[in-house]
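Two complexes are shown next, each including chain A; its partner changes from chain B in the first to chain C in the second.
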Partner chain A sequence: MTLLGQFALWIGFFTGVWAAVVGFSGRWHTQPGLAASTVRSAYALAAAMVVAALALWKGLISHDFNIEYVAAYTSANLPTAYVFTAFWAGQKGSLLFWAVVLALFGMLAQLTTSRRHQDLMPYVAAVTGGVTAFFIATMLFSANPFERLPFTPPDGRGLNPQLQNPGMVIHPPMLYLGYIGITVPFAFAIAALMRRRLDTGWIHAIRKWTILSWLFLSVGITLGMWWAYVELGWGGYWAWDPVENASLLPWLTMTAFLHSVMIQEKRGMLKRWNLSLIVATFLLSIFGTFITRSGVIASVHSFTQSSVGYFFLVFLLAVGIASFALLYLRWPALEPESNLESLASREAAFLFNNLVLVGIAFSVLWGTLFPILSEWVRGVKVTVGPPFFNRVNIPLGLLLLALTGIGPLIAWRKTSPANLRRQFLVPSAAGLVTGLVLGALGLRDPWVLVALVLAGFVLGTVAQEFWRGTRARMRMYGESALLGVVRLVNRNRRRYGGYLVHVGILVYFVAFTGMAFKVTREVTLSPGETATIESPYGHTYTFTSLGVSQYAALNRIVSAATLEVQKDGTKIGVIKSEKRQHVDSFGQKTFEPSTEVGIRSDLREDLYVVYAGSIGGTERANFAISINPLVWWVWAGGVILVMGGLLAMWPGGRAATPTGRRTEAQAGFETQLVGAEAG
Partner chain B sequence: MKPRTKFLVGATIIVASVTFLIVSGIKETGTYFLTPTELAQRTEADPTFYDVGIKVGARVVPGSIRRDDAARRVDFEVTDGQHRFPVTYVGLVPDTFTDANEIEVIVEGKMGRDGVFRATEVLAKCGSRYEAELRDADVKSS
Partner chain C sequence: MRRREFLGLGALAVLAQDADRLRDPAAAGRFRLPVQPGDNDAVIQALERKLKCTCGCNLDVFTCRTTDFTCTYSPQLHAEVLELFEAGKTPDEIIAAFVAKYGEEALMAPAPVGFNLAGYLVPGLAILAAGTALALVLVMRRKEAASAAAPVGATEDTGVPAPTAEELERLRRALSEVAD
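Up next, the complex of A and B:
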């Protein structure tokens, strides 16, 4: 099977190179046969990559330990689901996964794009084919997943226990789908620049792709937080580690793009900015792979350091220079079609939102690269950690949250002072009431108070938007409230899906504030002994050790420590935390022991127990016990955000206007509607 | 003022705030990341360096780990091949901090004038033979 896989890689490589060379040569402008050939290569490439993927899966499932990759990441006693997902457990498989999905996305882009954009498609195929060919090249020349060993080991090394977790099974592919999805908008951007299609029409072709890749990134990041929380045992979900930052960077620039593109659609402004954001987002997705793979930045995430990192660096520089050079050549043709008319306009709010998002991205990038930069400039490595990122990003994040509430309240073009007062009254009151209630309840932390006041404000904004729209429908069409809200959302899914995403974001912010009140204690308990912890809500939790038990499971030996938990004197359950020693099918130890955290979660707080080992082989054991407020809401925010995103990109709904942007008369209609409501 | 000018004023304020936050943040929270040799040179040249919180990346000297589980205390020695010094840490160490093999650690804390490094945090990078490559897998303690 490896021969077939290897063969498929070479076929894919040459197909991708063909698409890139023919596509960019431009010869197809005059020869329709070449245009068709370029487009068709996207299909051939997808087919070749699917064959390669199946070949690797076949090797994994059949436990062919002669294949180096199979021996390195699986063992005979590994649960089948993990054998299947070991596909992307290692670097080589991840590269193949990336190439396969990109090839499929490239094909989907050809299949689903309207005929209206036919003149762009050979260039799109050239970019997706070229990028896929790059990934295949890294495999062929540096990290081949089909490499065979000179001997056949009796069993594989097995999968790292920390990866034997359902969250870890889907977290990497989700993140990859996000990264890979960005390639499609990037391909269209390059195609539009090459073809000099510099109006706004082509933006419609990538609308769904941008939301889709943003959604995958969001899910990937949230699942990563969940995995870190339940698996790593340090008690939090975000540590500003370079690897985490690398996933956040494209998310931030993509979020900026999703907003600023609306300005281009409605007003024909920001063409240069939007193209730059797409290119930057694509480069950041490649950059993320580069820093995690090259080992240039010390991360506690242990990735293989290999030459693959430098393939990415060269690719990053080449694509970056070429893209910005192209953008520079087309710069004069990207004149805005209209200008900013007032600071009290949605355009201005979005522009500020973009600046803040890019500012956050820049600070995260700067902090992540600072060890390298300081070593270059000053000859000494200086690192920055969570205190730096929190210090910079808490104020910027709160500013962003405020803009999340302000943006939807301001009309396009300009807003009258009277209208501003009318729009801001309810949301501001909502924020104020939130602050007063929490203040009365005894909340004093200033940052947390500001965050929660703003959260109340944003929620007020969203609620008002839904309410006004529904009320207008009830009056105009005599619909019931329920039917009104359903039709309202259905008529403008992107807008109301977007509002739902805003709710998800504010829920995240609220959840993040909880960590300001985290309580941790390290205790040593013999069976029967108790430890008491006061929760931030004023409850008293009592933990009583029930001892440590040992038993063997499928592929591991488990030591489980159990604590009985009482809340204010009432028993509420037991929490079990484990140390697992994984073994191969011959009973030999594989990997170091790993910890399985015990978590008891409710809407208000999580009890988080880490069994940190026994003392001298007795049942006397060390524990780290934390009370983490509001963690449940991080996951809830993620779910709301995904629902909003899905709603925004759900197929159907109102068709896009053919000219690409709504006419000013239509924009004025909105203002009229608001005015009519007032009267 | 024209709207464009007003916007530029707002934009300048945002850009200036971001710059200020980054610069002051690095100044106040930046931590030196040194090798044991660099640390030795620095403390020799400037004794006040003993009071500065730093990070040191080094290897654990095999067989040097002494654990006092009851006190949740670990003592060990680290080296970069040229200089070595003892480290003492009270707290729970991550799973990958083992005696089994030569592991790489990042210790954060202060070097005492007695030559003992008092760590407030120990991060261990898994260097075992099984670490073919851990996707995202890592080890943290805090």
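Up next, the complex of A and C:
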């Protein structure tokens, strides 16, 4: 099978190069056969990559330890689910995963794009084919997943214990899907620039792709946070690690694009900016890959240092220079179709939202690269960790949260002072009441207080938007409140899906504030001994050691330390934290013992127990016990955000209204009157 | 104590210890020392969150010693912190001692002095500059657009009376309720 996989890689490589060369040469303009060939190459490429993927999976499932990758990341006794997901556990496999998904996305883009954009498709195939060919070349010349060993070991090394977690089954593919999905909008942007189709038509072709890739990135990042929380044992979910930062960067610029593209769709403005954002987002996704694989910046996530990083650096520079040069050449053709009429308009609010989002992206990038910069300038390497990022980004994050609430309150084009007063009244009151209540309850942390006041404000904004829309439907069509809200959302899924995403974001922010009140205590307990910890809510938790038991399970020896937990004197259950010593199929110990955290979660706080180790090899043990407020809400925020994103991209909409679409005449009437007032 | 009593107590102690002994102690990770009062000191914890572990994990000393139980560096660094603290050093003095011994890399965030100030200030200044430039461009473009555009109604008479401010406000309110 490795021969077949290797062959498929070469076929894929030449197909991708063919698509890129023919597509970018432009000869297909005069020879329709070449255009069809370029487009068909996307299907051939996808087929070749699927064959390569199946070949690797076959090697993994059949435990062919003669394949270096299989021997390095699996063992005969590894649970089947993890054998399957070992595909993306290492550098070589993850490169193949990237190439496979990109080839499939390239094919799907060809299949699902409307015929209206047919003239763009050869260029789209050229970009997706070219990028896939790059990934295949990286494998063929530097990190080949089908490389064979000169001997066949009796068993493999096994999978890193920290990757033997359900979170790692799904987190990396989700993140990769997000990164890879960005390539499709990028391909359309390049195609539009090459073809000089610089109206907003191509924007409609990528709408679902942009939301989809953003959604995958959001899910991937949130699952990464969840994995870090339940697996790494440090009691947090975000550490501003360079690789975490690298995933956040394209998310931020993509979020900016999702807002600014609305201005282009409605007003024909910001064409240059939107193209720049798409190119930047793609480059940042490649930058993230470079960071992960080059070893240039120390990170807990990095793959082993290898020459692959330099492939990515060269690719990053080449694509960046070519893309921005193309953008520069088309600059004069990207004149806006209209101008901003007022600073008190939604367009202006979105512009400032973009400024803050891109500003945060810049500050994260700056902080991530500052150690390298410092070494260049001063010859001194510094560490830029959470204290730096929190200091710089918390104020910016709060500004962004404020804009999340402000944007929807301001009308397109122009807003009168009276309208502003009317729109801001309820949300401002909601924020104020939130602040007063929390102040009365004794909350004094200024950052937390500001965050929660702003969360109240944003929630007020969203509630007001839903209420006003529903009330209007109730008045106009005599609908009940429930039917009104359902039809309101169904009629404009993108808008109300977006509001739901805003709720998800504010829930994230509220949850993040909980970490300001985290309590951690280390204790040593013999069986029967107790330790007591006060929670930030004033509850008293008592932990009683029930001892440590050892037993064999699957591919490991488990040492399970169990604590009985009482809350204010009432037993609420037990928490078990484990040490896992993994063994190979011959019973030989493989990795160092890993830790499995014990978590008891509720809406208010998590009890987080880590079995730190044994005292002298006995059941007397050290525990790190943390009480982490509001963590449940981080995951809830993720779910709400995903639901909002799915709603926004769901096909259809605007079907349930009795009056149908707003007519052009109505839109013109609105435009004329607003213009009359402005004049 | 008689010899027989001594041996009996010794055997009991060994048996009692064995009763708590794990069948495979190595499978439960490296042996730990019992928790000391200083381990839970809030000042020590806050201090150790500012100091980086030197094992290459990229974590601060506190997080590493309470998370990565395979690390042999962070317990040692923690012991150094405790020793300096018990010797009467202030947190700032302990940080200075760590920087002197391990270099600036020992800090989780660079001290905001000299070139490091650029690390803290550049993002904010860049955003401020971009925001100011954006606001200026918007104001200028708006002025240009306003001077170029003739007032609606001045160029052609549609026969429709101009709306009053109150009518406009009512219309905008109605429109904002039903459309984005």
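The rule we apply is simple: the second predicted complex is superposed on the first by the 652 of 679 C-alpha atoms of A that agree within 3 Å, B and C clash if a C-alpha of one lies under 4 Å from a C-alpha of the other, contacts with A are read in each partner's own complex, and residues count from 1 in each chain.
Note that in this section a residue touches a chain if its C-beta (ideal position, glycine included) is under 8 Å from a C-beta of that chain, and two chains touch if they have at least 3 such contacts.
Only a predicted model underlies this, so the values are computations on that prediction, with no experimental measurement involved.
Visitor: For A:Arg157, using the defined touch cut-off, is the partner it touches chain B, chain C, both, or neither? Pick first, second, both or neither.
Guide: The first partner, chain B, only.
Visitor: Quick check for you: in the superposed arrangement, does A:Gly224 touch first (chain B), second (chain C), both or neither?
Guide: Only chain B; A:Gly224 stays clear of chain C.
Visitor: According to the stated criteria, A:Phe352 is in contact with first (chain B), second (chain C), both, or neither; which is it?
Guide: both
Visitor: Quick one: classify A:Thr540 as touching chain B (first), chain C (second), both or neither.
Guide: A:Thr540: touches no partner chain.
Visitor: Is A:Ser94 touching the first partner chain B, the second partner chain C, both, or neither of them?
Guide: The first partner, chain B, only.
Visitor: On the A-aligned overlay, A:Asn622 touches which partner chain: chain B = first, chain C = second, or both, or neither?
Guide: Both partners.
Visitor: In the superposed arrangement, does A:Met168 touch chain B (first), chain C (second), both or neither?
Guide: first
Visitor: Between chain B (first) and chain C (second), which, if any, makes contact with A:Tyr73: first, second, both or neither?
Guide: first
Visitor: After lining up the shared chain so the two structures overlap, which partner does A:Gln550 touch, if you call chain B first and chain C second: first, second, both or neither?
Guide: Only chain C; A:Gln550 stays clear of chain B.
Visitor: Which residues form the common part of the chain A surface touched by chain B and by chain C?
Guide: In chain A, positions 232-234, 239, 241, 298-300, 339-343, 348, 351-352, 355-356, 359, 362-363, 366-367, 370, 374, 380-385, 387-388, 391-392, 396, 522, 524, 579, 592-593, 595, 610, 612-616, 620, 622, 624 sit in both the chain B and chain C interfaces.
Visitor: What residues of chain A sit close enough to touch chain C in their complex?
Guide: Going through chain A, the ones touching chain C are 232-234, 239, 241, 298-300, 339-343, 348, 351-352, 355-356, 359, 362-363, 366-367, 370, 374, 377-378, 380-388, 391-392, 396, 411-412, 416, 418-419, 422-423, 468-469, 471-472, 476, 492, 495, 520-524, 526-527, 548, 550, 557, 559, 579, 581, 589, 592-593, 595, 610-622, 624, 662, 670, 672-679.
Visitor: Provide the residue numbers of chain C that touch chain A in the complex, in ascending order.
Guide: Interface residues on the chain C side: 17, 20-35, 39-40, 45, 49-50, 52, 56-60, 63, 66-67, 69-70, 103-110, 115-116, 119-120, 122-124, 126-127, 130-131, 134-135, 138-139, 141-142, 144-146, 149-154, 162-163, 165, 168-169, 171-180.
Visitor: Of all residues in chain B, which touch chain A in the complex?
Guide: Within the complex, chain B touches chain A at residues 3-4, 6-7, 10-11, 14-15, 17-18, 21-22, 25-26, 28-34, 38, 55, 57, 69-70, 72, 91-92, 94-96, 98, 100, 106, 123, 125-126, 128, 130-142.
Visitor: Residues of chain A touching chain B in their complex?
Guide: Chain A reaches chain B through residues 72-73, 88-91, 94, 157-158, 160, 162-163, 168, 171-172, 224, 227, 232-236, 239, 241, 243, 298-304, 339-343, 345, 348, 351-352, 355-356, 359, 362-363, 366-367, 370-371, 374, 380-385, 387-388, 391-392, 395-396, 399, 522, 524, 579, 590-595, 610, 612-616, 620, 622, 624.
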